[in-house]
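Provided herewith is a single structure, encoded as structure tokens, for subsequent inquiry.
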Amino acid sequence: MTEKEVGFVSLSKGTGASDASWREIGVGMLGYGFMGKAHTNAYKKIPYIFWPPAAKAKLVGICGVPQEAAEEAARRYEYGRATSDWRVLIADPAIELLDNCGPNNLHAEPCIEAAKAGKHVLCEKPLARSAGEAKRMWNAVRDAGVKHLCSFNYRFVPAVRLAKELIDAGEVGEIYHFRARYLQEWIMDPGFPWVWRLSRDVSGSGALGDLGAHIIDLSRFLVGEPASLSATTETFIKQRTKPGGGEVVPVDVDDAFEAIVRFENGAIGTYEATRFAGGHKNGLTFEINGAKRSLRFNLERLNELEICDVKRGQGQGFRTVSVTESNHPYMSAWWAHGHNLGWEHAHIHTLHHLLDSIANDTDVAPYGATFEDGYKCAVICDAILASSVGGERVSIQY
Amino acid sequence: MTEKEVGFVSLSKGTGASDASWREIGVGMLGYGFMGKAHTNAYKKIPYIFWPPAAKAKLVGICGVPQEAAEEAARRYEYGRATSDWRVLIADPAIELLDNCGPNNLHAEPCIEAAKAGKHVLCEKPLARSAGEAKRMWNAVRDAGVKHLCSFNYRFVPAVRLAKELIDAGEVGEIYHFRARYLQEWIMDPGFPWVWRLSRDVSGSGALGDLGAHIIDLSRFLVGEPASLSATTETFIKQRTKPGGGEVVPVDVDDAFEAIVRFENGAIGTYEATRFAGGHKNGLTFEINGAKRSLRFNLERLNELEICDVKRGQGQGFRTVSVTESNHPYMSAWWAHGHNLGWEHAHIHTLHHLLDSIANDTDVAPYGATFEDGYKCAVICDAILASSVGGERVSIQY
Amino acid sequence: MTEKEVGFVSLSKGTGASDASWREIGVGMLGYGFMGKAHTNAYKKIPYIFWPPAAKAKLVGICGVPQEAAEEAARRYEYGRATSDWRVLIADPAIELLDNCGPNNLHAEPCIEAAKAGKHVLCEKPLARSAGEAKRMWNAVRDAGVKHLCSFNYRFVPAVRLAKELIDAGEVGEIYHFRARYLQEWIMDPGFPWVWRLSRDVSGSGALGDLGAHIIDLSRFLVGEPASLSATTETFIKQRTKPGGGEVVPVDVDDAFEAIVRFENGAIGTYEATRFAGGHKNGLTFEINGAKRSLRFNLERLNELEICDVKRGQGQGFRTVSVTESNHPYMSAWWAHGHNLGWEHAHIHTLHHLLDSIANDTDVAPYGATFEDGYKCAVICDAILASSVGGERVSIQY
Amino acid sequence: MTEKEVGFVSLSKGTGASDASWREIGVGMLGYGFMGKAHTNAYKKIPYIFWPPAAKAKLVGICGVPQEAAEEAARRYEYGRATSDWRVLIADPAIELLDNCGPNNLHAEPCIEAAKAGKHVLCEKPLARSAGEAKRMWNAVRDAGVKHLCSFNYRFVPAVRLAKELIDAGEVGEIYHFRARYLQEWIMDPGFPWVWRLSRDVSGSGALGDLGAHIIDLSRFLVGEPASLSATTETFIKQRTKPGGGEVVPVDVDDAFEAIVRFENGAIGTYEATRFAGGHKNGLTFEINGAKRSLRFNLERLNELEICDVKRGQGQGFRTVSVTESNHPYMSAWWAHGHNLGWEHAHIHTLHHLLDSIANDTDVAPYGATFEDGYKCAVICDAILASSVGGERVSIQY
């Protein structure tokens, strides 16, 4: 236990809110898979973790195919009803917020229709399969005047948010370098079957949109706008067999990409993502070198931020900061210092941020990523694909 | 994303359970502070994480003082009712399980009374302030024939459970050494006020019962029974001021202890716990050296287990294993490899284990700690206090 | 102590060599600074560390300016004589080997003249200020038929050599990725004065030739030939003040560069070097991801190689291998496992390798870098500078 | 390269010493094994590393058996002559300093006789097989008025020395905890043969005197005098076979020990050493927790000291300090920051310290360990053995 523990005879934090009446926001969930589970978990935890909550999600409906699976998901997660047709969610007046956790090819149309129907929209990353598609989505939510968030959830890891706050406060100084990698290994086995993430038609791109989008967004969040870049991509395993069948399908997305980037503020750096880095499970890492401080982050040790002062002295070195103190971002809501958070918690903070934005009519930006951010990330992804063909340096123009 | 992701058009795991009907277990919670929050969080998550669940907790009532605080906790956590008298929980026929998260001096009587009333009992660690008190509690639950669990939650960290499974499978071989430390820093400031954890009357002991109990339990879980030990304790700050007032109170519990231990199976090792180790937030670490393998664990990086083969070769070294694969303990219920769990998850696994034991009438032991384990841990704690007086080696006798 | 210790009454390794007569190789040293010290240290240690040695260096003469400093260096390091004119070394028949530790603008002419005079030549990296200059040097030593080594000393760090041996033995499998960085911080202070390393005329380039050359050479050593690359460079501090005086001089070399590289064998990766990475003293790191294994190295922990098997299992993870076992490269000559080597030891191994090559007339390649390797590295450096202008992808052609 | 590099046209450090005339100190070496090699290496490097040196060692003679091995060692290391009778060294008037690297049972008599002959004496650790034997040695050197050093070389690792300087400067504050382990693995294989280090008659003790002595000395160096302790020892493999023969010999020394210690200044802590910790090659680690700072050290990463400020804040954490800056202890003599030292360098610093003490008639203490320190360490080792029998707490009395 630690000093933050509240004993049996003490008052818990939040006392006085006994007569709080919170806003209820009806949620329609599109997708019941990995991300649907992560988001639903977040909706369920927000009310008792961020006490008293500004808003509570009301789990109105969930959509997926086949219908029976959606129905089971509804029972599991306690959604009010299930459908296999996302237009049912759009049509439901009890739903104020569409949460789109579908595959990439199901991002644009449901989001646009939801916005047209006046619903707030949350969409998983990458926002779309191309910058053009993303632009249409951004236009739609902007025109509709609804809240919109693209779920770049790693902005809401407390250590990442602390990095942001340090940079904004001038504690890092002029930034010279940003280098980020997102390394995974899950398709290294040539026998690993073809899945929709390996299809350009469904996904838009491979490691680039799935993993690279995260670090591209973090670079914009932390460093600023890229001015130009050069890139290369590679597909190491050119074809794969469909699950359970003999059909061999070409892989038409990237297994990996590398890019060098020049930022508008003069910093230079690298982006890299791959699904062929053995030993790396979920290896998002970045490092920033500024005139005053260096910062390092590793998603597989997400409670830690490494900070190094540039000033010389007998005691200079990277400090491993446990970003779990009550004065660290979001941590006062949780347990006690050294009582680590996990991967799911970034989603909880993200959705809490959106619900608060809706309830209090505040901006999702700058801490939350909007559809504008999703669009700009898509522009950068497209530039990487364009550069990789002939290798020339490509300017980023939104 | 990883290979475990379920796409939009796939069936989620657990399909077919659509007609599942689970057992509902009425829970009465004693305490709404740090641990009450952690346990309640667990009850809420179990039903949709372990799908379909063997049992769901029904949050019947919560007890705490003052009454208004208990009422607010009830609203926050969605308990059916609130009380400031724990006997109300015992008397409630809708409550099948008493979850005791009260301070140490409120462990014995409510647990014993609950057992007498035929209720299952979960009690936070340390089970009691002394071996004698713990013995009465164990006798009570045994006599009553109810399920009982002492919440040594770190047994349920997947990396710790993996260590246990490796040892049980003979993968570690004869154990030569166990060394464990639990290092914290929260009361190093002499100006930190007196709190109930610094009172022998309320807590029984200081760092020993609060922190040491965890590593003592892990030693029994992983290595086996201690045969004898020698110990010393120290209180570095002898008196403190009560919060908000000028009253200076003597600190009559240990700030730290050190012990050397001989196990029945021939292994030797050390126990240490302190609240005076600057830089350590929640630093429970242990290492086991066996004839075949060494194992290392650090609670501040709880998703990792370090494993080293003893056999020589050009490639020998400690491997940092990310204990997040779907074939690792408990992980198939969660996200995907490299998507880390946090501190709260061990509680979720612990309470899931207990609910399953109740629903299926299976043994809490050996993976879960029972009141017998809580009692044996208390015997060892008492031996440490006894040895520390004159420094002699003390035999452990249950 | 460890099992390798030889007790008082045992015979030391090398017994039986009592009548060994080794070759003496006269050395002329150009430069008495940092590298001159490191190389001289190596010559002095080789005879008793690699016992019985194939050859011993005889320290014939040392050259530097001013004359008095060269004379003091001769006294310090026990060279037979001192000169401020390198042609004196070339003219000295007692000198068989010219060791060129001069600044980059003094690499070409002395090396070429030495080769013409039939002397073996060792030259510090980068071999030259441009590929053209390097080509002339390579031609000279090839034409003269002398031994030649470009001091890419990190090839001779035991952990790096182990990586090479694992790759050559097929233990890593097809290589997908190589990423390397060489990060330093020594000129971050804008008040740090202008030094010759910041002059293109003297150095050829900045971080690129000084630091980048090392990782480029390692990429060729470990992965294979680069096919093409895209790059960018930056000079963060555009001008500096000369030491002790008010003259402000433009900095006309790169402070940092970033490159993405495609290898002939299909691997892709990144090169990066900078002198603006706060907290990094001598931060050469690389990682290789192969189909069977991943390998990681960090020069600031140079006794360690991290190895990860790609094959899944409950125990997969990066192993931190202490490359200090007697069956690891070069280690049988030293102390005992866990008794670490330092930075200087790679130089000792490098020069030992060259002396052996001279004494036994064996090839310096493939483990040692030749002037051909130095030339090829210079081609790649030139390509990086060329690409950085307009950002286009540049093919590597030797 | 770094800012410390001296260019070709600059003057090297030490200019002006051109007319230095240093003291030559005749050395007689007892033992040509592991330690004899390490010490000889030190004598050879001191003159050109610590320039201009206060004193240079003249390698007069080396002693070992059999005679031919000693002769070969003399050729290898360039000693003037070889003998198999250590009394020959004592009788040699050219020898001013006896360097005793023999096995433990050859420490006392040669050291005592050397002192009686007026020679300075350096002896490897542990000083003797018992406190009584050590006392006789200390008395002898004190009575003779010669310089004496017990080679606790780890005091001279720059990171350890930095720790000492921080503590002495009050930067760590009141010390609460010291915990140290020295973990090795070299005799874990039951088939590993009997060697003299496993004989009480030759060695005095096992892991205790070989490894434990180092951490006991460091505790006295860094924390202060132990007041009392409790201990246990164990011999896991009770008998072993002699090398090359069938004779099975009982192991009559400890394979491992554990101790808890109370210091005079109120700190408490642990000592542990073992040869049965798989994966640990040379694993000396310690941690100190003070009221102001915590310090951590690991011999397998000997260039690093981890420092943590106790003061809370958003950026608190253990800093990994590369103890290689020119303002760190001993480092100005070496290379440049980030250019690591190895294990051998601590011996170089130790012997440099002794030669300087002889040349300038300065005290070996407090930075160097004297025979008094060797004696006090032996008292503590004896106390550990005494305590381990019955387990009682033993007071330390010198």
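All chains are identified by letter, namely A, B, C and D, in their written order; residue positions are counted from 1 within each chain.
To be clear about the criterion, a contact is a pair of C-beta atoms (placed from the backbone, for glycine too) under 8 Å apart; a residue touches a chain by one contact, two chains touch by 3 or more.
Note that the coordinates shown come from a computational prediction; the quantities given were computed from them, not determined experimentally.
Peer 1: Which one of B-D, B-C or C-D makes the same contacts as A-D, at least in over half of the residue pairs?
Peer 2: So the equivalent interface, with over half the same contact pairs, is B-C.
Peer 1: When I count C-beta pairs in contact, which pair ends up with more: A-B or A-C?
Peer 2: A-B
Peer 1: From the mean C-alpha coordinate of chain A to that of chain B, what's the distance rounded to whole Å?
Peer 2: Going by mean C-alpha positions, chain A sits 33 Å from chain B.
Peer 1: Roughly how far is chain B from chain C, going centre to centre by Cα mean, in whole Å?
Peer 2: Computed from C-alpha means, the inter-chain centre distance equals 53 Å.
Peer 1: Just how far, in Å, is the C-alpha centre of chain C from the one of chain A?
Peer 2: 43
Peer 1: Residues of chain D touching 2+ other chains?
Peer 2: 280, 308, 316-318, 322
Peer 1: In their shared complex, at which residues does chain D touch chain A?
Peer 2: Contacts found on chain D: 162, 304, 306-308, 312, 314-322, 325, 327-328.
Peer 1: Can you check the complex and tell me which residues of chain B touch chain D?
Peer 2: 176-177, 179, 181, 183, 185, 188, 228, 230-232, 234, 236, 256, 258-260, 262, 266, 268-270, 272, 274, 276-280, 287, 289-294, 308-310, 316-318, 387, 390-393
Peer 1: Can you list the residues on chain B that touch chain A in the complex?
Peer 2: 1-12, 14-15, 17-18, 30-35, 37-38, 40-41, 44-45, 47-49, 51-52, 64-66, 68-69, 71-73, 75-78, 102-103, 106, 184, 186-187, 192, 195-197, 210, 280-283, 299-303, 322, 324, 335-345
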